[in-house]
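Next up: some structures, all given as structure tokens.
Both complexes shown next keep chain A, but they swap its partner, so chain B is in the first and chain C is in the second.
Then we have the complex of A and B:
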């Protein structure tokens, strides 16, 4: 079989391999080289030490991890229910898909600004709360003095902005589950919850894995939403990389931050591959 | 040029810089009608295509204004490139390395030109300065533009500074006997406390957000006002006193300040009642409703009323492909009409002594009056923008933002934080080789942070 195909598969792979090598692998190697470039141009750990010594490093790492841990479960619960709504073939199914997918078309920064107009002191949320008589004075949501409230704002904005991408992956996964399986479950008198738990979720495992990996990598890169909502009040790893690259004009330390984000992404990817193995029979 | 000359220049510059904004603000307030004096330089003939790179007027809106209004009457084609400090430096230097290039005119800050001049990237513009003598460009600024040499390395272009603006309802809560024009920083704290006590809201405001200019507040306002210096008084009792004052004041500062970039927006929305910021970043509030806001000079500290004049200039690189066109553009930008357009469209104040045509709008008038009052104050203490830091400018400002974060937001003890940050500050001077600038005393060789 392989012999008959000859060089064709390699030729087909070549463009994407070149693309990845030029636009992904090469810059990645360069970034690592920058991160480990010593003051005299040779190899050295001074940039990494400077990153660890950066007064914002600890808070940036913790905030980023906190965001990953908080945002992803919320997004998966939401995306799963949204995908089930779409897959239930309700009236106006197409409309639901478009409404849910709307945030996909909005840039990260624009989404952040939209949420600023909601959370700012004179924003929509406080206007509504005051209008309903729930509070007398505007509540300050975006203050560095109440970091958990600030993180909460970012979590909500991120959940709104980036849930649809997971939903799309899950909808595709749901639609690939053969109807016979669900009909068989009906025959045996399975409840809806049992169908989700015993049939849909196991069959969705490959889609869930892809979505989890994709979403976690993106969560480690969270940036513009945080800048818009929290300003200098919340440090995240990508924000620190940007600050070192543009404000402080030190590409080496910025590269160290970028390298750290890459390592965290790789680690989480491996983790999901190990924790959620996809077995052949699920794809039958 | 010895380094002493250069240091002397900074000191001189700082003292002189202050006098000019006064003059310009006064001029701008004159009700002079048609353009008086001035040569007939720009706008005539064809200067060909001129490429201008500028570290000023970078926001998209300001770039549009520059192209469509300020450069509209120029007798040639100008390609205007607004660039952030990093790319700005890179592009100017890259062209120099290439030998010749399209960039024929540079718009930048005094401190940026001093770095270019150190590498001999600028041509002598003495002939242009002589020719424009009738415009009455301020002598002190022209002196500053010589960068300690006998050549005119840049021509002053426009200027700005930072002031305070309050919503008028805040004036009811001024401390007893306090005059808004002669406040002290302690009275500002008291004012904030009164507002908080009466309204239950923290309504002072600072631009502490990601793109806010809070670091300039410490570099040009708080530090000099409390310590009489910046870099040579970075630690010590007076510095501790300043930071303790900031910690106390922060109880009355809107906690959302860490998200504010331009203070005009929270002022307009009423989230903040009293704010400090750059004139360009306050003008929208004053213009939108001049009756609702009061512009006033910054308060004074124990060492005086410190403030930071921002002076932008125009220079021609030695590698320019169209130096004659660039000179025409300089003539155009300094005409009274163009200086007036610059003031009304982007809120940078003029550097020429000639009367400007037309009236000022109420908002700009309010700013001009506040600027004048600030500089005419008996205890005025001008502090220069960082000089000669080059690419280390960001790292320099980061030291002050780190100090703010750790002392004010995290509530740490000032003296410990400042001692810990001192090596970072010194590293900036060692890397850049920058000497101290006013109001710090002159230094031989790199500034010694203390």
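Then we have the complex of A and C:
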């Protein structure tokens, strides 16, 4: 791979490098500058203190963490099932993949509204429950009085919307497992469960790690699904950032919230890198 | 399957019946998972295509008795919706054009040239994914006020391009890697300069993959709500408009809005279904 024009690759990269510096790197730095801007314009912790002292801060942090902890395992169980089904080479393999991938293009807001039509008082879920004679009166799923039910609604909506991305990463990972490994397991009479535990999961580790990191970072930013389903019934970190930026018009505290989301994301990334090390020799 | 030479003792070979049952269970699991995805889409479609009043029928019938465009038309005619719709389309198109214009050359460079700093640049691009996009919108809103592009279509599109660009670079580089370099070299020995070789050989071959990347960028922009809410006020995109109207709007408005936002995604995923694994699968490497 020798190029005659030594400067050509750099010229091709330059526009993207400049763009990312101005619209990606600079705002990242600026977010922290905003968050740590004191009242006199110098360095100060007043915005961070204001964030910690905000009446919604605790509930926003706890709800966001609860959502992450509840949604991620459910999504991985679902995504793994979908990926294994795809990998089983059923008839119409392409169709199954398309159906499972459908939510990939569905926005947070649209997904939230889809599940509003199901969970609302006179919605589909209550209609079906009454139709089947399981309950006599409609159940109130979305009420600020029962935050755990609300969280449950959001968890289901998020599991529906954002499992596809994990599924796709896992399918790609499954396809890269050499056939011989599974055939060898077959020859020795391994059951399906043994194949999953002893061959597939260990070989899937790099894909699982990437999917976990990506999905967790996205989960910390959960926003529109919560607004659609819970309104002001649930506080989340991204929602607070938006409230401070637009309703209260205080970019400094908003930036503090955004910075907190960034720190949580980086922390979880490092955690997954340490907990799920992918050693090179595994792939050799 | 090859027949074994009985040198290796087989502890337990599974009978045909067991296999058949396993196969059946796999189909059952596949169907249940598919229903989990499809039933909610069906239900929002029914919600959107029944008359407005039926939103208050209870219990509702899962099979609609009367189909109508009443609800959808009410939504589309609501004040500001059509404007917001077109704004969303324009933002998405600008994002698509900008990210391909800026991203594809970078993707090409990474795919085709061995140069100092190539791997580090790839790593930087990959690392952008570890940063939550939420953090970009707030400082950009401050910057845009200084630049005088706050509350504008171009401002939102620039921010969406920043989100899409790392993606576009990685996807286009994998697209160009899959186009054989030898063809381009052959064109050059036959008298093309590098630019001509690219335009006449690599570009046409890469086109389907580039189209998939473009469509994906479009969806990314079409779906964004957080950045749009922060960056716009009087000139919202469709999701921003719907989000701010959510609390004061009747429930059938929401149903129609949800359906209208959802449809393009279904179509788009259909067109890029062949590329899905390529688009996302490669993030592992």
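Here is the rule we use: the second predicted complex is superposed on the first by the 264 of 284 C-alpha atoms of A that agree within 3 Å, B and C clash if a C-alpha of one lies under 4 Å from a C-alpha of the other, contacts with A are read in each partner's own complex, and residues count from 1 in each chain.
Assume a contact is a pair of C-beta atoms (placed from the backbone, for glycine too) under 8 Å apart; a residue touches a chain by one contact, two chains touch by 3 or more.
Model, not experiment: these values are computed from the prediction.
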Fit or clash - chain C, chain B, common chain A: clash
Partner chain(s) touched by A:247 [first = chain B, second = chain C, both, neither]: first
Touched partner set for A:55, first chain B, second chain C, both or neither: first
First, second, both or neither for A:116, with chain B first and chain C second: both
Contacts of A:258 with chain B and chain C, given as first, second, both or neither: second
Partner chain in contact with A:229 - chain B first, chain C second, else both or neither: first
First (chain B), second (chain C), both or neither touched by A:143: first
Partner contacting more residues of chain A (chain B vs chain C): C
Which of chain B and chain C A:274 touches, first, second, both or neither: neither
First (chain B), second (chain C), both or neither touched by A:10: second
Shared chain A surface residues [contacts with chain B and with chain C]: 116, 120, 122, 227, 231, 246
Parts of chain A lying in touch with chain C, wherever the complex brings them together: 1-6, 8-10, 12-13, 15-17, 19-20, 23-24, 26-28, 30-31, 33-34, 78, 81-82, 85, 88, 90, 94, 96-110, 112-118, 120, 122-124, 126-128, 130-131, 138, 160, 165, 168-169, 171-173, 175, 187-189, 192, 206-207, 210, 213-214, 217-218, 220-221, 223-224, 227-228, 231, 238, 241-242, 245-246, 251, 254-255, 258-259, 261-262, 265-266, 269
Touch list for chain A against partner chain B, complex: 55-56, 116, 120-122, 137, 140, 142-146, 227, 229-233, 243, 246-250
Chain A-touching residues of chain C, taken from the complex the two chains share: 4, 8, 10-14, 22, 26-27, 29-30, 33-34, 36-38, 40-41, 43-44, 47, 55-62, 101-103, 105-106, 108-110, 112-115, 118, 121, 128-143, 158-159, 161-162, 165-166, 169, 194, 219, 222-226, 229-230, 233, 239, 242-243, 246-247, 251, 254-255, 257-258, 261-262, 264-266, 268-270, 273, 276-277, 279-284
Complex contacts: residues of chain B adjacent to chain A: 84, 86, 200-201, 208-210, 212, 254-256, 258-261, 269-271, 391-395, 397-398, 401-402, 405-406, 409
